[in-house]
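In the two assemblies presented below, subunit A is common to both, partnered first by subunit B and then by subunit C.
What follows is the complex of A and B.
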């Protein structure tokens, strides 16, 4: 499996996309809402949250777990794993991988997820049983539902995938790091990795835990709560959901006769300290530089940027400057978008939704808009209002985490000729 | 040209002692650090024993602000990282920040603090609609698992790739495996890599009670962790943190650093079988061992010691014995294989890193740590488990393996300088 001679010739490509997002379940529905700039931000309606100072979030509504995941898996997992299992199924179907349709052995398919919040709702329920009733009331699934590895483990078991399995339990940027991790596994010899992240951070106690983030928006108006790059920026709105992707070795994908949607061309990550947004300028610029170098890509080749768009003035400024630091004059001309203002930031799931949107944007030649955002106060060509048609060959996806990580990913449309 | 990865420093916070000398003293003497739980009142729980760390943050150089902000598991990591950096002759001022990485593992992260504050905001489990006014200001740091790697990075001025890894009980091996890949593939020259967990809290004890994974031998805590013994009855929960400094070999040589050993190979596979259950055959763990040995260009007979996962549950020890036999063949019967969990318990995500530090020290001292409490052979576990007493032995290459909830099966191979790597 580990043939070092192959290492530099193997290329990791995206062949399937599965989305469970506040603005749609399934890649097609998600893309339609994203292109139309439809926002799913709304009041928080999860039970027990009415009184909390977080008033607006991107909830996944109309998701019927029962119709997508077997009951025996549902009872032993949290909502975040329900999303992940459903998204994995959608991604596999999208890649044309039905049951038993994969070549190779079970060891040739692995699973990697990123997780930043774990099974909060399940955990809160079991904590309530323990402290309200006693130790013997804690159920047998607490040991496997709350922890960050739950989704990777369940997807692996459900699909019979025995390849390298991993979990990056990081801040938001961990979502992009997971994709890089998957691409690394493919380059080292694994044929296929099902990779992604989905989060469900809107249980009451999970929300209480997030209230300490000074970056959290507590604005009550869904139209005004999350407006990055504007003078009115007042923080970010959290969201639920995420996406899973099928990332394969390009040769494996060709052998299967499946369409190569995009190539994972380059990635780099840096760290500049929790909530040190000014410093994130240099960190993000270096991450972009590293990702371009890994992709063998010049700054001018970038046709669209999916921004992190945190929504705090100093963080937005740092990101806008990082883009021009790294891309030069091209940085203020290239279309930049942040569709996550219509879904909220689903922690590690957020950059996965951006990556899914980026692949779809490359395919459709359309840059989706940034909902809720109008008067941009930075030197960026932010796409607002309506989607913008453009010839798109190469996309740059950015993510920064609340604990200090900066990550950049370069995607090429279709198979990378290089 | 292939980049090779050296271990140039270690640091550890483990039950029975803080720091590598105290840790090695415990392991080489075969003493056990398991006892009745003191971190909370365990009345009413099935398993009331654990391997706890006697830890005074101030005595280990953590200021009041660190102690207040950082969870116990983060504090373990900070103390272990400081020791490892000093051991490697490195400090924040001389590191190239952008070429240095952090990779830290944890299985349950900040759950201990999350639980403590939950009790307050829920009026002791009475309300679902929790009261946020009772929450502590740093609670979000317990909520986010990336706090672990983030704190270690800030402590050491690291600005390269920083990640937290959480693959249940293989988190430690996997965090170090990811660090190995990062250096081998050129993303960093140095990586502060390890793992930490402080899971001894009511919710975590209760969740293992519920599936009877932990030992109920409350009357004899010192002898409760009995890996491979026929009368083993579950694992004893532990806590701790360990950090290894991984460094590109030429980088280490150029600065004249002492090289303890090299990471020869790492591999991980999923068993796709059951979240907590293991097969009798151990095929997936065997495959991880084979891949790690192949990567290190070692034959099975090159392995001089197997550091076992050896948790002390019936199924784990059987599974692992089968896997090692499958990989090493006849050599499995000749190579010593021991579980330090008999002495320091099972600290979930931390233990893989703690066990790798034990392997580094075993190579340095040329001594195999024993399996304490091993008395009665099990017909299904018929290898040489190094009962009770440490054994001096010529060691060049050692193997450490782990299994985790979620089906993770991981293996790491360490080789001594001048060995066959």
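What follows is the complex of A and C.
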């Protein structure tokens, strides 16, 4: 957790956003779809998955890995790393850091990713060879491709980034924890961290692993499958993809003459146990409180909340109560949104997409809507239908994981004046 | 398939196993150019060794995956194949 005492003069800011999402590849396309409330939820069409009881998901369809990543990196990695490598390139380009621009200072750039499940599709293919043909038919890249750390490693190798690298495996909310980890590394002295998460949980083996989650929505109708905060809430729809961000020291960004998009102001995380949604109320409220304290931010300063929006009635209730527990009366007035109802939850990638959307919302002064959601049955000012214009200075992003992690992140528009 | 590994076959294996496109003529002319220069890492070469062992139905020498250049690798593999023929 960040505390106001150790923020010194170094401040961690977001200067680049790279998105690979079901509703668009690239920050601009993603934002356009998000602000228009366009949903990408649809029937599951990935090979070998059509007969499984999961009927609706958010698939990344407009992504051509071959056009964005060299063949030799594609062959030795899973789809989740393909997304991450492409998103990292997009983020660096967005931050104005061109290829080779960091050639002289490779130790000043690190990589941090969060991962929830690793490379399931690659792993399934190799395990099928193991049992179908024998151990000598398993390719050696299996040893690294399935691994949670694969995306961090490959982004680092591919870009020659030799600064502090890490992987956060702390459940879905680990996506926010990774951003906090990156901000900490920047405050401790590293100039730039490429941070984020992308997941590819839509492959046969990976889907079968998820079928045991009682929170998973098996509804067949894309318009009804994921409707958090409504009386019809019947679980969540999984999605794939995610986002990578360039987080750097504010002074480094100023020296480069690049725009400071947002400041990573505060974060806190708690743990309340797997699927114990009622208990997540207290855990999430405490995470919010800790993040506000770290940011030196009062509840009334929060201008928009990006909700976790799990989509199970008891979990939605816990979140709505946590928001008012932590923000008081302001909690039922502040605009709350959950654009992930249009993309599905990409596990660790989900809070990254929310963070990307939050930075873009701060910049555009627009709170994006929550697709598919109409009649809200909780005491929350959930933005539905169309985007709502608002003066936005500070955003709160929330995330919870099925295994019990709760995280909150406070972002401020531009450079933090404090 | 001949009982000798050719440069063309090695180039095809590098493409299939490690995603690396190599011009076989170039590799033929400069067989001392290290695999590393083409971007083939140790796991990539290990995969090629495994593929050949499956294809020929017998093990290659234990240091096959430590060869640094196409010449070294082709010599080792072909000597081994001849000895076993």
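Heads up, the rule we're going with is that the second predicted complex is superposed on the first by the 408 of 418 C-alpha atoms of A that agree within 3 Å, B and C clash if a C-alpha of one lies under 4 Å from a C-alpha of the other, contacts with A are read in each partner's own complex, and residues count from 1 in each chain.
Here is the rule we use: a residue touches a chain if its C-beta (ideal position, glycine included) is under 8 Å from a C-beta of that chain, and two chains touch if they have at least 3 such contacts.
In this text the structure is predicted, and so the values were computed from the model without any measurement.
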Worksheet item: So which one touches more of the residues on subunit A, subunit B or subunit C?
Response: B
Worksheet item: So, does A:404 touch the first partner subunit B, the second partner subunit C, both, or neither?
Response: first
Item to complete: Tell me which partner A:115 touches in the superposition: subunit B (first), subunit C (second), both or neither.
Response: first
Discussion item. Looking at A:74, would you say it contacts subunit B, subunit C, both, or neither? Reply first, second, both or neither.
Written reply: second
Worksheet item: Touching A:148 in the superposition: subunit B (first), subunit C (second), both, neither?
Response: first
Discussion item. A:140 in the overlay: touching subunit B, subunit C, both, or neither? Say first, second, both or neither.
Written reply: both
Item to complete: Could you give the residue numbers on subunit A that contact subunit B in one complex and subunit C in the other?
Response: 76, 136, 139-140, 143-144
Worksheet item: Any idea which subunit B residues touch subunit A in the complex?
Response: 2, 44-46, 98, 102, 106-109, 111, 114-115, 118-119, 121-122, 124-126, 128-130, 132, 135, 137-147, 149-150, 153-154, 158-168, 174, 178, 181, 185, 187, 202-203, 205-211, 213, 267-276, 284, 287, 291, 294-295, 404-408
Worksheet, complete the sentence: Counting only contacts in the complex, subunit A reaches subunit B at residues 1-2, 4, 47-53, 76, 106-107, 110-111, 115-118, 123-124, 126-136, 138-140, 142-144, 146-150, 152-154, 156-157, 159-171, 174, 177, 181, 184, 188, 204-213, 268-274, 283, 286, 401-405
Discussion item. Taking the touch rule as given, give the residues of subunit C at its contact with subunit A in the complex, in rising order.
Written reply: 17-21, 39, 43-44, 46-47, 50, 53-54
Worksheet entry | Parts of subunit A lying in touch with subunit C, wherever the complex brings them together | 70-76, 136-137, 139-141, 143-144
